[in-house]
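The structure's right below; bear with me while I get my questions together.
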Amino acid sequence: MTIQVKNISFRYHETAEWVFRDLSLSIEGKGLTLLLGQNGAGKSTLLRLLNGLLKPVRGSIQVAKRDTAVTTTSEISRHLVVTFQNPGDQLFAPTVEKELQYAPFQMERENISTLVTETAALFGLTPSLSRHPYDLPPAQRKMLAVASAVSSGSPMLAFDEPSAGLSQIERSVLTKAISILKHSRMLIIVSHDFHLFLPLSDRVIALGGASVAFDGTAQEFLSVSSLLRRHGLLLPPSFRMKRLLGLPLL
Amino acid sequence: MTIDTRTKGTLTLLLCVSAFTLPWTVGALLLLSTFLLPLLSSAFRPISDRSRRAFRRFSLYAAVLAGVLILLNSILLREGTALFTFLGIPLFDGGFLFGVKTATRLLLLSFSLLHFFLSTPIRIIASELQQTRIPPQIILSLLLALHFIDRLPARIERIFAAQEARGAPIRSSFFRRVKSFFTILTPLILTSISESIDRGIALELRGFHSGVRLLDAPPSTRSSVILSRAFLTLSLLLILWRIIRWVLL
Amino acid sequence: MGLVVEIRNLVYQYSPHLPNALGGISFNVLPNTCCAILGPTGAGKSTILQAISGILRSHHRQGKAEGVIRIGDVIHQPIPDKSQFPNVGYVLQEPEVHISGLFETVAEEITFTLRTLDVPPTLHADRVRRITDALGLGHLLHRNPTHLSGGETQRVALATILVAEPPILLLDEPTTSLDIHGQMRLYEYLRKIKQTTTLLIAETNIDLALFVADYLVVLEGGQIVFNGTKAEFIQRIADFSSILAATEWHDILKSIANPRTRAEKRLASVLAK
């Protein structure tokens, strides 16, 4: 399980500003990497570069030793599946069960029913397997979009704002699922919800200034406030208050 | 030559009416003339790169579909003499001619509409419609339909991207792309309808029904008023003539 | 100046085959105050906002409503039957739908609201600048509103309604796509305008409730389970931890419940405002 990003530069078209300039990073093995940054820092763009939907203008990206410039997204997805923010663009099967079966079926996995059953149980979707995805409440549809990536069986998973719009119950299910999955897969999460994912993170990467502004552990991240301020990254109010009160942050 | 939106709209209406009222040979000449419109007037040129790309893509698909239509008619309408055989199947000249006539009419209709919509921003269409007596709710529905069509290619691309990101080899062949398109048709329509409803509500929440014009259009010139009335009158006359012919025959 | 909003025994059923979305709720929002409506998904938060805004009646004809809603001096029985704009400004939960697709720049998109209100054109630039400065949208004015990120879209959606300066403002989960910067800017702006506007905000994010709200209503399954001041809510926050995303605040609020150190007193006063 490896992702190698080497000196990539990217912009959407010739007259646009550079989103990334000479960015390098490397992620290996199991665990949770939290990807942070202001709106517009390029977090979602980076995920699209990793799965080959976008190609870097300069530099190279290797996912499971495959160069994304010459590998199709569907081939990369056997190793890395990315979910996007809007579940409405991702759900298209007539039942929840078929939705969970879609990815492992496309990838010709051998143990499809096991993957589906385990994923449904992990995300609390077992009672809803025969329901139409659009009959689910919006928050559960969001969970289904995340679960449909997990059921693919791919060893690396990246989620773009998986907790946005979820209320407490769904957030608890999500964080519990993440805490279990991170022991067997590589997880990359883009999120503003620090308090949910920071305590679970093994590594934090913050984007800023068209490059990597910070790369370290969650504890190190919380201690470099001046660097964060320079790149427009703020801790949420609850974290700042805890710091002032001397309460543990993680 | 500059043409205002109203003149452009009535000319488009005349071309569409001509497609089904005039002889197909005249229709074929008019079809060729629609390709000259962007050269004769900037008012008919696509408003963006996206529109230009859409036009090129549509032209390709339209040519292919016209060819398929002509071929199918030649095979299925066994009238006249067999011209030649295609993969062992005879093609008849009667069916071929019928196919050519039908394809010409459909192409004239679709290219006339395409030129209009690719060269006219939605808000200008809305602004013109607001000047008429059409109720705001109907104008809103039309706008939402146009917006839906406008965003449809981007939406389809996003869903294809999501499918591809979950392992579907969408880009491996045209057939796979078509198959995937049918898979996403239902959710695409469901979410688009729901989004259109919400978009209509959002416009209502900003006072759209108060009747304010979306933009201040320049006053029409005398020549454009005469031209648009002439096009409208011609269209009505053609329809009337066609109805009379049908009743008499 | 803001107007009062009063809801009395509001019951709402979307269709005869469905249970009541709201089961007889009552609460008031005084002028120039902020009330946060908290609750899990499906609790009925959006239903309340839609009922007040007038779109519930006009867009769900088969729905059945009972009760009374008072907006300023006008009493609606049971609920308003058409959009209450410009008295009531309502920002929907999905910000993308506020981007009409009719305009080529963010500035034009926001200005359209002022045109519908017949605001003199000489005032447009100033009003648009004020709201875009407050929400950090200055650098986006000439961008195409359909080509923005999620957070940018959410801020533009807010601007299209806030520019109208309605006496009552309804916001449906306004922080969903915002980063911390965007959230803090929004809190600052809302704290400023609540001196002249009545705010009603539906949220799952407890931060907004704690930093901006004067009163809180907690909904569960269409019923009110809490209705009181922020101070009262803070005392009882642990009671709602199963339905609200508030667990990270428990330790903080316990520490400042009886403030002793300077930091604790300072934070207690920040939250008390």
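When the chains are written out, they are named A, B and C in that same order, and each has its own residue count from 1.
By our rule, contacts are C-beta pairs under 8 Å (C-beta built on N, C-alpha and C of every residue); 3 or more make two chains touch, one makes a residue touch a chain.
What you see is a predicted model, and the numbers here were worked out from it, not measured in a lab.
Ranked by separation of Cα centres from chain A, the top chain is B. By number of C-beta pairs in contact, A-C leads over the other of A-C and A-B. Once the centre of each chain is set as its mean CA position, chain A and chain B turn out to be 41 Å apart. Distance from the chain A centre to the chain C centre is 29 Å, each centre being the mean of its Cα atoms. Along chain C, no residue makes contact with two or more other chains. Contact of a single residue of chain B with at least two other chains is seen at positions 195. Across the assembly, chain A contributes no residue that touches 2 or more other chains.
Residues of chain C that touch chain A in their complex: 39-42, 149-152, 173, 176-184, 204, 207, 210-211, 241-249, 251-252, 255-256, 263-264, 266-267. Of all residues in chain A, those touching chain B in their complex are 51, 53, 72-75, 77-78, 81-84, 86, 88-92, 94, 102-104, 106-107, 133-134, 148-149, 152. Of all the residues in chain B, the ones that touch chain C in their complex are 121-123, 126, 143, 147, 150-151, 195, 197-199, 201-210, 212-214.
Residue ranges on chain C touching chain B, taken from their complex, read 53, 55, 58-59, 83, 85-86, 89-90, 92, 94, 96-98, 100-104, 112-113, 115-118, 146, 160-161, 164.
On the chain A side of its complex with chain C, the touching residues are 37-40, 44, 85, 137-139, 161, 164-171, 192, 194-195, 232-238, 241-242, 244-247.
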